[in-house]
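To start, the structure itself, in structure tokens.
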Amino acid sequence: MTFDIVVILMFLGAFSAYLISKASLKAGAYATTVFSLGALAVLLMGRSEIGSEFSVLFMNFEVTVIGWYFSGVMVLVYAMTSFFNSFWMDKMMYPGSYNFLYLFSLAGTLGLFFASDLITLFIFWEVVVWSSTFIIPMGKSRRAAVVYYTISSIGSMATLYGIMLVYRISGTLVIQEAFVPLKEDPLTATVVFVIFVMAGLTKIGIFPFHIWLPLAHGSAPHTFSPVLSGGLVKMGAFIAYMSVAILPAYEAFEGSLKIMGIPLQLYFLMILGAISIVLGTLMAIKQEDAKKLIAYSSVANGGYILIGILMMDQLSFAGSMMHLFNHAIASAAAFLAIAVVAYRTGTTKISELGGMIHRMPLTYLTYLIAIISLAGIPPMGGFVSKWLIIQGLADRGLMFMALAAFFGSIGSFLYVFRPLAAVFLGQLKPEHEHLKSEPLMMKIPMVILMVLILYFGVLPKWLLGIIGEIQVAAGIEPVMMSGNTILAVNGVLNTLNVFMIFGFGFLISLIIFLLMQKSRRVGLMDTYTSAEFIYTPELYHYAGAFYAPFERLYQNHPSVEKFLGAIAWKFHELGTVVNALFFSHKPAVTVFWTSVILVMITLGGAGI
Amino acid sequence: MIQYAGIMLILIGIYGLLTQSNIIKIIVSLNIFELGLNVFIISVGFVREGIAPILTSVNNHNGLVFVDPLPQALVLTAIVIGLGTTALGLAFARSIYRQHGTLNLDEIGGPSNG
Amino acid sequence: MTTNAKDVRKTWEKIADYFRAHSIWMKWYCTGCGAIEMPPTMTSRFDMERLGMGPMATPRQADVLLITGYLSAKTLRRVIYSYEQMQDPKYVVGFGSCTLNGGIYFDSYATMTRLDHYLPVDLYIAGCMPRPEAIMNSFDTLIKMIEKGEAKGWKHYQENHEWYRRNQLHSLKEVYVKDEFHE
Amino acid sequence: MNLVNFAYGLLLLLAAFVFQTTLTGINRKVVARLQRRRGPKFYQQFIDIFKALSKGSTTHGWVFDFGVIMALGGIMATAIFIPFGPLKAVPGMDNIFIIAYVLAVGMLGMAMSASGSGNPWASIGVSRALTNMLAYDIPFMMVVFGLIFAFDSSSLSGLAAIQREGGLLGWNVLRFPLGGIVAMISLQGMLGKKPFDSFIAPAEIASGPMVEYGGRHLGMLFLLHEYSTFIEVSLIVHLFFGGGATVLEFMVKYAVIYTFLNLVSNVLPRFKIDQAVTFFYKVPLAMAVVQTFLIIFLGMGVA
Amino acid sequence: MVNPVLLIALPLLLAFVSIVFKAYKNNLLVFGTLLNAGLVLTLNKGQYIIGGFQPPFGINLVLDDFALTGILIINGLFLVITLMSLEKLEGFASVLLVALAGLNGLVLTGDLFNLFVFLEITAITAYILSSASKEYRYAFNYLVLGTLGSGLYLFGLIVLYAVFGTLNMADLSVKMAAVDASQLVLPSLLIFIGLAVEVKILPFNGWVKGVYSGTNSLVGPLFASVYAAGMLFVFGRIFAQVIPLGTYLRTSLVVLGALTLLAGEVAALSKTRIREILLYSSIGQSGLIAALFLSGLVFVAVMQLVNNALSKAILFTVAGQMADSTGTDEGEELQGAFLEHKIAGVGFTIAALSLIGLPLFYGFISKMNLLFGIFYSDNYWLPVVILLGTVIEGTYMVRLLVKLWTPGDEGIVSEKAFATERPLTIQSSKVMGIVVLSVVLLIGGLLPAVIQDNLTDSGSLLDEVTPAYLFDLKGGQ
């Protein structure tokens, strides 16, 4: 009975946070922290109650393992980010409403993950969409909110159509039962699958629906970007999971053409995932804004997650589920680090920053660990998940997905390194000379996230155990572990050993370093300049167009943004045409159309 | 025959509405349209060699052929309503003339299509 | 050269000096015409690398600062800057007469005629210009000096930094100037 | 994992260092002979490294030091995973993907440290190095992917053992010649040898990432270079040339391949970085895709 | 037992009285609307004969669930809107009373010709009200089109009379059902066009733009919610219950409705002025509701109609008030207008979200139900159109809301300093009205049974499809 309390409490919490904000803004911000941490605690304690069912108003819920897992990820990201809320209270346009919508969207996601019928699912889906839509414009861009809403609603309206279709066919809305009759009818199943999964694609930001991510993530309030990227994007993964596992796609598409054992429908989606990886990587490499860069990296990582989920196998699926968690916390940590920088300096543009490590080393460390995980480098969590995904791909022989995955992996070194070098390293700008370090309240979540990223990279057993349960629930073989060794069909990975050997190498290296003569500390401007005297650190900082030679290779790329923008503009023009054709101050125009319709329909009727 | 006359008038009225841009002429066209309509309605009730639908001491048996009285009642109402509308239209015409100094809709201009 | 406690090398320093002697990486400060003699010294005929020597891209990596030509007020500043960026132990080699006495430009108002007033020169190579044979010979000498621990210009510079700095300031007014192009 | 593994690992590191550094020295000699020079002593590389370590150094802040330590540590850890012929320090850890990703720790550490110096040339060098990596790694990984699919194993020693079963003709370079060529070209890129050495271009960007290093930092970078060379060449030996049943066999194969690549690099000019990317994506990547396609869909070369 | 004819007669009486006692006409209006709203609550369902002729002869009033819902909505909203904007009456009190009478008559009457009369009465009041904006050319346009429309309606009904000899709706529906519908395309179409002019179906609605775009905070909500609701109720009455349409005509007209929906939404997307956006949205919604009625889905059509009426009342009140007090309703110039008027802003937001059909608001319930309904009538293309329309509608509504809440150019963090400097005032009476209406929308969304119960049977009289498909508020379980 704990979960219904959580859902209801979160909604009430949203209102109370609003009321508290009216009394004191800071207190309201802390209320978001308290409530989300409370939800996290209840979730962790309530693990034994997985499987419980409950109803609120006309909505029905059932707590499944996957729902529990997803909501855990979501609440974690929300709770960690909420520590930052209090610092933006005086800068936010509607601080009270922000706190309200913050918790409201969290409540919505919980409801979504616990939903046991399709209508409840849809209700909470939309609740999350509209509540987050109103947070985004408090940041830097109004257009972002509109694009976000439009893309989301394309997805959700498609889902709605799917829900109706399913209901028409099966006569029930209970998630576990509604899809059963579709197994017999591959054509309808394909339609439903495509429609359903579209909502997932829009939310994860899979090509060609990715355009909202950089816009919204890049310009949302700094405290909401981590939630968007780390949390809300994962709702799409949930829907994708539902479409594949509950539909269940592999059974329904048993008869369709298969490529390497993957039905064509799923293969096509995987190709989309692969395109997202490549595209997200390429676009992230050329971004000039740190937040947009991480946003595009979310596009790329969404591609991994989607491919893994669609595989529905022992390895890649587990990898994907784990990657979801890893990406959530790593991307949240990265966004939080950028938020700290933005809080102190007021900008997120890479070229306007530099040398932040000398003012906020902990933030730097957070960012470093986050991006190591994002890039999938051991000993962080991201490595384990990427390893699983790639091993799974190698097992199946999906070479084009693998190609994209490799490109994304290596490419991620490029883009994650860029803010590292240009924001945190390099020359400190004179105007940032007197910046203060990060406040204590900001340090707490960053340290927690760092520890988590490292912990699950070294000891993923607990996490993979839960994922194993999800896999069992989805009817596939769970990922195998013996001790700390992950046993894949074509390779093993002992994360603890990797970590220990890494530590060993590090130790030797440290000993070598310490044995030798002590170094002389010199300033950042005392560098080799071909013996030229330079006194302008802000100019002596390599930040803009970091990968210029590489960017040049694809600078004239075709852009789906432009294409979709053109479609939107066509709608706009159509509106103008409608306006010009039918609306006038002269009765004659309308009389003319009236006569035309009258004659046409009458003659048509007479003809029939 | 009289139906066709009514329909002709209706079409003339619509033609006027389609082609005229002068407000007064539009009102006139509207009136022609209504007139045609009224004629048509009357014609619906018309019965050849029918008598007035009044029971008299002579005409009180079942074999009577009488004109349908209802359309005539309807026409009366329609005429009254048409009159009201015309009056209102003319009032508008006057206001438009005061506002724009012309009665030609083409010269007045419409809402922008922006 | 008097021997005092400071000059006694510890064992590890002796070993280190052996390595230093047989792996000499140079930063060429090519201000004048002398640099033209370096390529023949490097390439097949004289093959500098057989002695473990070679050019390096930056002063941070280099052991020897090789100043190949005359010095003006403008270039001297940069030579000093480069020298101070090098890592200890570091050696300075004056190449050609220009560094000794100003060479053919000795009477110019802008020429710095004596390099060792400003930097601790371990070795001069006389000649205008010195031929590769002379260069090879001098490198041989330098190797021997380092091996014996005699090339101690860098220590000298540290110890007499005041004196060097005074000379530098006297001739240059300002050692580290503001960027001329932005003033 | 116990202390014995660590001791074993330390020995392996030492052996790898001595072996590779000697080989580098010999290769300097070989190249010198190619250019009609006498060339340095065969142990010159040791002298250089120890000299660099013995010198004083400057630092630009803690990340400058930390990056170097992390880089060398990461690379050393990777080297421990590499089987030295039949010898393995830690059994079961020679998964190709682990190695590929652990290798990146070193890269990242070095890049971080270089950028931490505040010198733009370092950043430019890092940017080129990473771009280069994006170019050469993908064809290579593609080929490796095909191998893993073909033999259902991603263990280096496992793949090597499978090849040795087939004798000389069982070598992957003969079974999958296209893949072998791709791997060799990629290896050239990994080693940063000409024509793919634009990221250190000494005369152009003052040796790129290494511009600010001197003394012990530089020495450690040299160590790092030796180890990463060892790792990369070993990968190819194991993946395409049957690894080594004995240590000697491994060392011979290794030496031959390394020397061959060195000779090739010495007769080539340098690609600009975008040319390198274009080249890798045009030729080796296409070959790699064809090779993988042949393996996966036609089973060509898979016994 | 109250005779519903009082709903028509009393306002008319008060209207004439108000002409005599000019000084008290506003009071009389308030009295009349209150009285009507009170009377509605006391009504009993049934058939009321006026003038003694038994049907099918003579005039009768039909007060079934459908009509009851209609007059409830009309009188309730009329009351709220009037009370909200009393200061805007400007001598229109008498006209409003007549309009109230006409609207009630429209919904109540059971006679086609009587309907024509009420249609004309309502229309004439509408012409007069539309001249409140002082844009007489638009009012004139409306007048001409309205007259032409009602003329065509009269034409159609005379043809029907000529064929069937009756004007009573119930009688006519029985007689028409016996005839092959394809024989009756012309009269049905004529009646459709006549009503379509008022209902705002696409090619017949040329007047809407001029009239709606200049409305103030009184006339705007009256037109967009009360008049629209009244006309749509009539439309539903005629086309879902009286005139049986053949497949051909039904399909054509549903397509016309769907096109209206799309065209309205698309046109709204291209607009930047708030009232223009809303008016095109109204057109779109009318098209949707008309399409539902034409498909025979009376119940869900009524739900959507109620949602539309409630939402539009709020939206047009706020938009009209903005235009009244700041002199413009250009979205760009009203950036951050809700900064100082949060309650009105929240009401506006709730109305907009409900109109889009987002959950927690009544619009969601109605949208769900209408989709279920359409799917159950095995129509798979109309939902696509509706959902596409919803996407577009959501886009421009969110665009508008975002602009009104958070001022600032692209790339700059939204700040109070960027808010509009135009003085926007919203009277407390309006705020209260907005609160009442948005609370209704919220209650409808959270506890749909409250509104639902009042609607439950409204479609059952002639609705062939029993509402078995209805989303029964338990998640369909």
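Going by the order they are written in, the chains are A, B, C, D and E; count residues from 1 in each one.
Keep this in mind: contacts are C-beta pairs under 8 Å (C-beta built on N, C-alpha and C of every residue); 3 or more make two chains touch, one makes a residue touch a chain.
If you're wondering where the values come from, they're calculated on a predicted model, not measured in any experiment.
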| item | value |
| --- | --- |
| Common touching chains of subunit C and subunit A | D |
| Subunit E and subunit C - chains in contact with each | A |
| Pair of chains ranked first by number of touching C-beta pairs | A-D |
| Chain located farthest away, centre of subunit D as origin (C-alpha) | B |
| Centroid comparison with subunit A (C-alpha atoms), farthest chain | B |
| Central chain (distance from its CA mean to the mean of all protein CA atoms) | A |
| Euclidean distance of C-alpha centroids - subunit B vs subunit E, Å | 28 |
| Length of the line joining the C-alpha centres of subunit A and subunit E, rounded to whole Å | 42 |
| Rounded Å distance, subunit B centre to subunit C centre (Cα mean) | 113 |
| Where subunit D and subunit E are represented by their mean Cα positions, the distance between them in whole Å | 75 |
| Overlap residues in subunit D, where contacts from two or more other chains coincide | 54-58, 206, 211-212, 215 |
| Subunit C: positions in contact with at least two other chains | 58, 60, 85 |
| Where subunit B touches two or more other chains, by residue | 14, 17, 26, 105, 108, 110-111 |
| Pairwise chain contacts under the document criterion | A-B, A-C, A-D, A-E, B-E, C-D |
| Subunit A-facing residues of subunit D, complex | 1, 6, 9-10, 13, 53-63, 65, 68-81, 90, 92-93, 95-98, 101-102, 104-105, 107-108, 111-112, 115-121, 123-124, 126-128, 130-131, 133-134, 137-138, 141-142, 145-146, 148-149, 152-155, 206, 211-212, 215-217, 219-220, 223, 272-274, 277-278, 289, 292-293, 296 |
| Interfacial residue positions of subunit B with respect to subunit A in the complex | 14, 17-21, 26, 105-106, 108-111, 113 |
| Residue ranges of subunit A touching subunit D (in the complex, touch as defined) | 260, 355, 357-358, 361, 364, 368, 372, 375-378, 383, 386-387, 390-391, 393-395, 397, 399, 402-403, 406-407, 409-411, 413-414, 417, 420-422, 425-427, 485, 489-494, 496-498, 500-502, 504-510, 512-513, 516-517, 519-530, 540-542, 546-550, 552-553 |
| Complex contact set, residues of subunit D against subunit C | 28, 32, 35-41, 44, 47-48, 50-52, 54-58, 202-203, 206-207, 210-215, 218 |
| Residues of subunit A defined as touching subunit B within the complex | 576, 579-580, 583-588, 591-592, 595 |
